[in-house]
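Scrolling down, you'll hit the structures one after another.
One chain, chain A, links the two complexes that follow: it is found with chain B in the first and with chain C in the second.
Showing the complex of A and B:
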């Protein structure tokens, strides 16, 4: 249970300025949507909440905002238990994944609405400068007088984002804030928004299904799957020491290849072996993996450490070409190995390969991930 | 080959020119026969001398001149004005309040909703008779137990009272139409998007703010349509008044529809009655057009 250990070690207790969740559980019917979630986000910190769709990201945001009541567990905002407070009294700014814009108001009025609703942030006119600033950062300043019905999906998403960013809440929750933007704008805004969020005097949760986005924006990353926190850690932790195969496969494009085999020790060296493959593993990786020797394990290989080689070369694994995608700057080749497992290779150059052609795979660098053959959890290293 | 293509294009062009008209023709023909012909005949009558079943000379605007000089006509407009100005806003507000309560999810809503249809489903004649009996002088169940007991009015029916007859009719109209408004607004509330409400609750908006800044603007197009329909309908009221007071006592409750009826079938002054009908139609037409244009600008709807 390495993941649980990671979770509890990061929990101190509720304190001023931060967000603290403990043992939060929520069930819809028979399905546990949020299962014993505990985490804390410090003031000024951005926690990236990464998980596939249906993992419970939105539900977790709604629980914190008070739109849903947890079945058990508690939520502390700014050091206070907010369990019995209505959503309006929690001072949470929530950007809805579904935008939830006011259809009868213009973009500017939509962005100003939370300030009006609170009525505590001075005269709303004084916020005009701030609204303009955020609108132009998100490149929707020219749409300020339009109504949502005249906007595209990406534009609506940016209005919803502006509405969240304009507030000075106690917790900021961004539920998939840039998922519907085109790739170019997404990359640009990711950095801009991250800059905005740095050194704010409240904790922020940024939920996203995109692992790389999570790694890029989060001070820490929490991986959610089936309502459970699989791992919480710095982006480096998550990338280099994924707690499980599930976590490992969420990060990286294309995702990590995971092969099933056996760990063998021979003459002081440790090998990952299967009928079509034998790889010597570096000492650092297997130093603490003694209990896995002689047992089934999973070996994780990122697509960019694998190389294509001519068929039949010694020390390689035979494979057949399954698909070949050229991206110009690199190409992704999917190969079929052994009993039909698919392995993706990210190659630097595009090579003309015909489907079904026999080739070989070679490991280019000694960068591997080792997982338990039964639980799929990361082996300690 | 080219010829066929050219001919096909010609055929389809020809086809597009008359095809849509053919599709709406059945409706248009029915509409013309059922509503346009009688209306044009009413306009025709209003420009002619028509009394006691004989249509004679073309007399230009004489019927209209006589109508506008007729005190009974202005009295009827006044009666309808008061009727609409009191009944419709009250029905509107009660309906809205009821719809908000229904929308909160009261107990037994599925039983309550069909019951609410009863007053609206009843024929106005039946409604009239029912209230006539309940408010009948000294023996009606309501007049005996409420009106007489509290000495509001004694010895006579409320419908015979010059002071109260119109208000009694307004009360009955409210009784009959509030449930309808309630259900219409309730349906509208149920159809509103949930997202903005969640956003408002997270943003800390209060119930008053939510109602005036969110619910009302979102409901505006529906409120406009229902309000306009009810306004026109209330202005035209005939059947309940006909059963309960026949416009009396005197002309205190004589609505334009009732006046037109009396002009036609009591005094056989068909020309002037037609002028009244056409005049009221023009007033409505202008009013609705103006109202519609304003609504279009203000609500960004339609």
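Showing the complex of A and C:
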């Protein structure tokens, strides 16, 4: 479905139908909010832009839409540099995180408004079918004649989303489109909106602070932190080969555990050591660990691959149960290891554990990730 | 600390409107956290407000430790509340906020000092006791609000959407923390939330409500493994349970599920149970994580196609359309990342021991008493 898009967008240079950003930088006062960002999104592709709040996601969207001017760098839409074009001439549909609905218009009129303003979309009445379809997909068809004041936050967000989806722009920017919906609806709509976006003839950016949402909706995922791109890759790349601790900690529920320690080589084996624990590293990891021996490293341990074992089993790390949250299909067990560091495990089978109980952690080979102790960057694998 | 009991409690706001809560009978055991969970309008907030004394009961009685409280004002009930927006005094320090309920109730200086010290230690905030709360993160503020709630050992703590205002990682951290604090203090608690993940993570038991009626109150694992009816089965678990029309055919215990053309053989006990009902039609519920999805081979012909694949890090969610009925979809969840892609034909199986069997008309679980 997306391999073509991925290949073409990884080649350099702006081309028709694409969104292409190069060396984009924006400073507010003395703070660099967007710092040398370069990326491209192909026609029909959805790029998930993931970052914590304050990372620069909204500013990046506003730069693309022309609502902010970059200090340097350029933005190409459909192969053309749009640097000197006003927002109205860029044909970018931006869904504002703050909704920005017209308070005096009904839901339907709000959704129709961009079609009236542009006059490019044919007769507005011919769009009625499309408006109805999108309103019912977002489960707000029954609210079509209400005004925004009579809507909840989650409903307003869906109106703003409908208003963005109804357009046929050159670039679609969805800034946290489903963050204010309740969990049940978010899970349901995520896939439906995503499917609506495939086969569209424009690039889409979907920004979200929720790493898992980014993995779910993006053909590729760009991770933004402090205005810089930390990593761009397929969802598998990001999940299996996080470029840095920052990236690793943004993905997963619970996210990866990260411990600081030192690598020691001893009798052909490599150990992760700290004053309060020692863990032998699997062979697969040792090949790439050589240059870290004798140095400070961060050890990443994936919660879904760690296992609980009976206390005192050889080759395991001792721990005490700190809390135990039982979900239907799995449990999240928080363990205290060493001098008090907390490690979370996603256990497939829930067992009766009492708080404070002594247990052990067994680390399968797939659980380990190594990050440089100074830069936090991932060791190549 | 006390047992909290709802006896035939009903709430009706206006005579012409349907009641918000209908004949609620439920016991929160001493030291237990019970979550009230359900879609908006299910009656969970009305129930919380009646327990708090913020709304009158239309019928029934609420008892704390066997003592009726429905005629007592909120202030006379010895309860504490934790709200979604913390409600701390921004100009007071951490210690002063936690001390506040003690000082207004005239506790002795020595008792106040001891209790506040205990709570600060439990929260790991002893070193920050003199900081003002206004500069703290939402997660830190909510921990202090919880400290303030537990400091005078109330009969009951009411948590009203305590995590709603927090970001993802703070939420994950604080839900483990609330659960730990509540259990180590052993305070009877009621949690209202619309988020099943929160309820499952924190509560000992969850009460599922729908349109004012309690559907089931049980441990999270029990709700997951033995939902009382289709509503509960569908509500608990994400993605929701697949619900498939099926019928028992022949005497050998074959359940035919037309959607994927699968024929599932159930054990004798289940067969006799279904036969005894004199109604061969039923609804089979199967959770996405229990469907078996395999690559196609000679022995395993394709019976479904992947229409959409959603990677979720350690799991892949697959939307499957049945080859024989393309309008029907199934959702499967597999440990991920998988090598499956949209468009792939696959062989889907349903393991009989993972099936939930529901009555087609009443929607109740046929095996509830097991």
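In this text, the second predicted complex is superposed on the first by the 336 of 381 C-alpha atoms of A that agree within 3 Å, B and C clash if a C-alpha of one lies under 4 Å from a C-alpha of the other, contacts with A are read in each partner's own complex, and residues count from 1 in each chain.
As a convention for this text, a contact is a pair of C-beta atoms (placed from the backbone, for glycine too) under 8 Å apart; a residue touches a chain by one contact, two chains touch by 3 or more.
Just so it is clear, the model here is predicted, and its values are computed rather than measured.
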| item | value |
| --- | --- |
| Overlay on chain A: chain C relative to chain B, clash or fit | fit |
| Touching partner for A:147 - first (chain B), second (chain C), both, neither | first |
| First, second, both or neither for A:63, with chain B first and chain C second | neither |
| Touched partner set for A:99, first chain B, second chain C, both or neither | first |
| Partner chain(s) touched by A:117 [first = chain B, second = chain C, both, neither] | first |
| Vertex chain A angle, Cα centres of chain C and chain B, expressed to the nearest 10 degrees | 80 |
| Chain touching more of chain A, residue-wise (chain B, chain C) | C |
| Touching partner for A:50 - first (chain B), second (chain C), both, neither | neither |
| Which of chain B and chain C A:88 touches, first, second, both or neither | first |
| Which of chain B and chain C A:107 touches, first, second, both or neither | neither |
| Least C-alpha distance (whole Å) that remains between chain C and chain B when both complexes are overlaid | 8 |
| Contact set on chain A toward chain B in their complex | 65-67, 86-94, 96, 98-104, 113-114, 117-118, 147, 163 |
| Of all residues in chain C, those that touch chain A in their complex | 39, 167-169, 172, 175-177, 179-180, 183-184, 194-197, 200-202, 219-221, 223-225, 236-239, 287, 289, 308, 310-314, 317, 319, 337, 341-343 |
| Touching residues on chain B, where the partner in the complex is chain A | 193, 195-196, 198-206, 209, 214, 217-218, 220, 300 |
| For the chain A and chain C complex, residues of the former touching the latter | 1, 52-53, 182-184, 187, 190-191, 194-195, 209-212, 215-216, 235-236, 239-240, 249, 251-255, 302, 304, 322-323, 325-329, 332, 334, 346, 350, 355 |
